[in-house]
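In what comes next, chain A is part of two complexes: it sits with chain B in the first one and with chain C in the second one.
So, the complex of A and B:
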């Protein structure tokens, strides 16, 4: 019981993942700054931002629905932190692994988007409402390629549990090379989930102020920011576990370090992508997702089916 | 308690988010503010980020004399910001009304309407002066905290 509480609240739960999320935010912002030929923020910047926001006044608009407005950020943060518990960090099995956990992680990653929608919608500000409707519209564009990309790898392994997938790729070395196309698709659609630059339409500062977050201030906004950071960690960790599934048979410490390096690698890829592209319009994004990413995801599934039928027979 | 307070003050000084608001400037001051935010000066190394909404901002950066049109909006934006909040007046107009002082449609400087914490003169104020002004505001906060402790 105590061990379980420890793993939920401290390691690898809330505390660890928050600290890791803040460091990931720093790395992301630093890479972004360096690529723009700037110095970038100092290492404590995300921590300072978080503490400052926690100590600021909480304003809840009079017209907003009090409960929904307050609950949405907590709900989002809880969902992403829970999702992290299902991801194997230092051996092939996560703490609470069961058959189908990959689906659970994917669904838990969808909850923040819905929470952003609910929070933005019930804050009754015009900008927040436009932003939240945009984030839902966007959900329908990137969610399908994201799921197809991740599940294509699971298809090759023939299982819906992360443990089995990792076991499969441990038994079939270098098979994960076949999934590189799926990795690319998932990475790009994941940018949509994180609302990062090519797909940051919901919180486009130049158009809708700050999207669903417009009315949030103080502590609630701190939770929302932390949610985005943790979401980045969880998503990168999921990608690392599914698409780079090697090195889990090392001794736990080395496997853990290797896994962290993999996460940081994916985070740097995300920062790189968000630096070099500009924001799309909503219709362009939906076109892009449905006309290019979904067919490519189908191609990946086809490749995996052929491999399964011919090589693995 | 005092340690917590110390950490919070440190965080406030290290992470000032600003909101830029044109209260009737001739646009030159605004261009200089934007120039101060470009990668050339890289304000993010001080933790300064430009925010779009008053709810996220700590510092309201105003430029220009307050016209009677903008007065109500300025007060409203100021009230929308969460505590603790500070106002920086950029440019001679924002400090005192400048060349527009005494016009029938102008209420002299920003401080005629809302409390101002720092004045940055210049017509227009150069980006370096703006950065210097914001940094001086932050250091004065630090000193104020010190004084309160003593």
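So, the complex of A and C:
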């Protein structure tokens, strides 16, 4: 019981994932800044931001629905931290591994978007409402290629459990190379989930101020910021576990370090992607997702089916 | 917020996309813009009136501060009018130096615009890059004039500072760097997919509409209107310099971007010619303190378009009337037209594409209440009375204090 509490609250749960999330935010911001020829923030900047926001007053609009407004950030944070517990970090098995956990992780990763929508909607600001409608519209565009990309890898392994998937790729070395297309698709759709350029439409600063987050301040805003950081960690970890499934047989410490390196690699890819593009418009984003990403995801599934039918028989 | 329902969102006076306060009230249906109400006047500073209260020499520095970006444009435009009234023949070297500063200013203004445009479409990398390179031209401006923004280079009858050969060398070196960087930006603006996606087809103004709405500067030239005061009505040294007027037939924001980046290349050409052909001689003639009675209209191609100054002199050392028409006032009419049937996401870049400078534009014409459409002119006593009553409504009443003050004054 105590051990479980420890793993939920401290390692690899809330505390660890928050600290790791903040360091990932620093790395993301630093890489983004260096690529833009700027100096970038000092290492403690995300922590300092968090502490500052936590110490500030919460301002809740009079017209807003108090409960919904307060609960949305907590829901979002809880969901992403929970999702992290289902991802294997240093061996093939995560803490609460079971058959179908990959679906649970994807499901838990959808909750923050819905929470942002609810928080934005009930804060009753016009900008927040437009932003939250946008984030929901965007959800329908990127979610399909994201799921198809991740599940194509699971399809090849023939299991919906992360443990089984890793086991399969450990048995079939270098098979993960077949999933590189799926990796690219998932990574790009994942930018939509994280609301980063080119898919930062819901919080496009020059259009809708801060989107769903417009009315948030103080502690609640700190939770939202932390949610986005943790979401980046969880998403990168999921991508690392599904698309780069090697090195889990190493001794736990090495496996753990290797896994962290994989996550950081994916985070740097995300920073690079968001440096080199402009923000798309909503209609262009939906076009892009449905006209390019989904057919490509189908292609990946087709490739995996063929491999499964011919090579693995 | 159902899709069938129309609703209004305030886009300004305070909004992250706007660098200066200006109000755009947008009627939206979903993401689509149904109508835009533009209200100017949040930045009125009474500069025209202030100019009438000051001497001509003081006015140069006042009018230079009409705009932070095109300060040289306004100052030169004003001085040209004054010189015309006073019948002064400005030495050639001074005209060449004015042209040099004008083109350097155009370079810094266009690079600034490129960065702002990048930011409006969420491409912050372009902002960081172009503003970094803008520092090169800012340094040169500081080297030549002593200031980065308000140069204080002009005086009636010439310029205040001369240029020495070493400064010419440094300027030429900087122009080489800038030219190389600009070539890179031309490549980025014309080849990067997401930029083209966001810019092309947005904010369309056809050739006829550009003429009808009286667009000026790059906004007009991007619609194929070959209108450039430097070529049409040459001032300063432009008559002796060869350059092309850049036009484009895309008619949209993409066209405006292309026109601006290509104009940068023309500016480098002009700067090189000016530095090569810089004539020897004095840099200023002595101007009289009292300007004889008369009036003059002066035109100037500012980075944003045609700038017009009208000056009326009455024989004293102060002008009787100064009228400034900044290029944004001419272009703002087109914005409403550009936003027709576009999406909310296009709004920042469409507004930014005319390179607006709202504080330069604001000249008080009339006051009207924010909620009503009827306009009326308010006189000074009326405005005074209005403010007293407004404060009374807020619970602040000075009548008692005023009475006490009057009584005390009587006792004294």
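The working rule: the second predicted complex is superposed on the first by the 313 of 313 C-alpha atoms of A that agree within 3 Å, B and C clash if a C-alpha of one lies under 4 Å from a C-alpha of the other, contacts with A are read in each partner's own complex, and residues count from 1 in each chain.
We adopt the following convention: contacts are C-beta pairs under 8 Å (C-beta built on N, C-alpha and C of every residue); 3 or more make two chains touch, one makes a residue touch a chain.
Note that the coordinates shown come from a computational prediction; the quantities given were computed from them, not determined experimentally.
Student: Should A:197 be classified as contacting the first partner (chain B), the second (chain C), both, or neither?
Tutor: So A:197 only meets chain C here.
Student: Kindly classify A:221 by the partners it touches after superposition: chain B alone (first), chain C alone (second), both, or neither?
Tutor: Touch partner of A:221: chain B, not chain C.
Student: Contacts for A:56 in the overlay, against chain B (first) and chain C (second): which applies, first, second, both or neither?
Tutor: first
Student: Using the superposition on chain A described above, determine whether A:282 touches chain B (first), chain C (second), both, or neither.
Tutor: It touches chain C, and chain B stays clear.
Student: Return first, second, both or neither, reflecting whether A:247 touches chain B, chain C, both chains, or no partner chain.
Tutor: After superposing on A, A:247 lies clear of both chain B and chain C.
Student: Just chain B (first), just chain C (second), both, or neither: which does A:126 touch?
Tutor: In the superposition, A:126 contacts chain C only.
Student: In the overlaid three-chain picture, which partner chain does A:42 touch, first (chain B) or second (chain C), both, or neither?
Tutor: first
Student: Overlap the chain B and chain C contact sets on chain A and report the shared residues.
Tutor: On chain A, the residues that contact chain B in one structure and chain C in the other are 36-38, 127, 205, 209.
Student: For chain A, which residues are in contact with chain C within the complex?
Tutor: 35-38, 126-127, 129-130, 133-134, 197-198, 200-201, 204-209, 275-284
Student: If you look only at chain B, which of its residues touch chain A in the complex?
Tutor: Listed in rising order, the residues of chain B that touch chain A are 7-8, 10-12, 14-15, 39, 42, 44-45, 47, 51-53, 55-56, 58, 80, 82-84.
Student: Name, in rising order, each residue of chain C that touches chain A in their complex.
Tutor: Residues of chain C touching chain A: 1, 7, 9-10, 15-17, 28, 31, 118-126, 128-129, 132, 192, 194-195, 197-198, 343-348.
Student: Any idea which chain A residues touch chain B in the complex?
Tutor: By the definition above, chain A touches chain B via 29, 33, 36-42, 44-45, 47-52, 55-59, 127, 205, 209-210, 213-218, 221.
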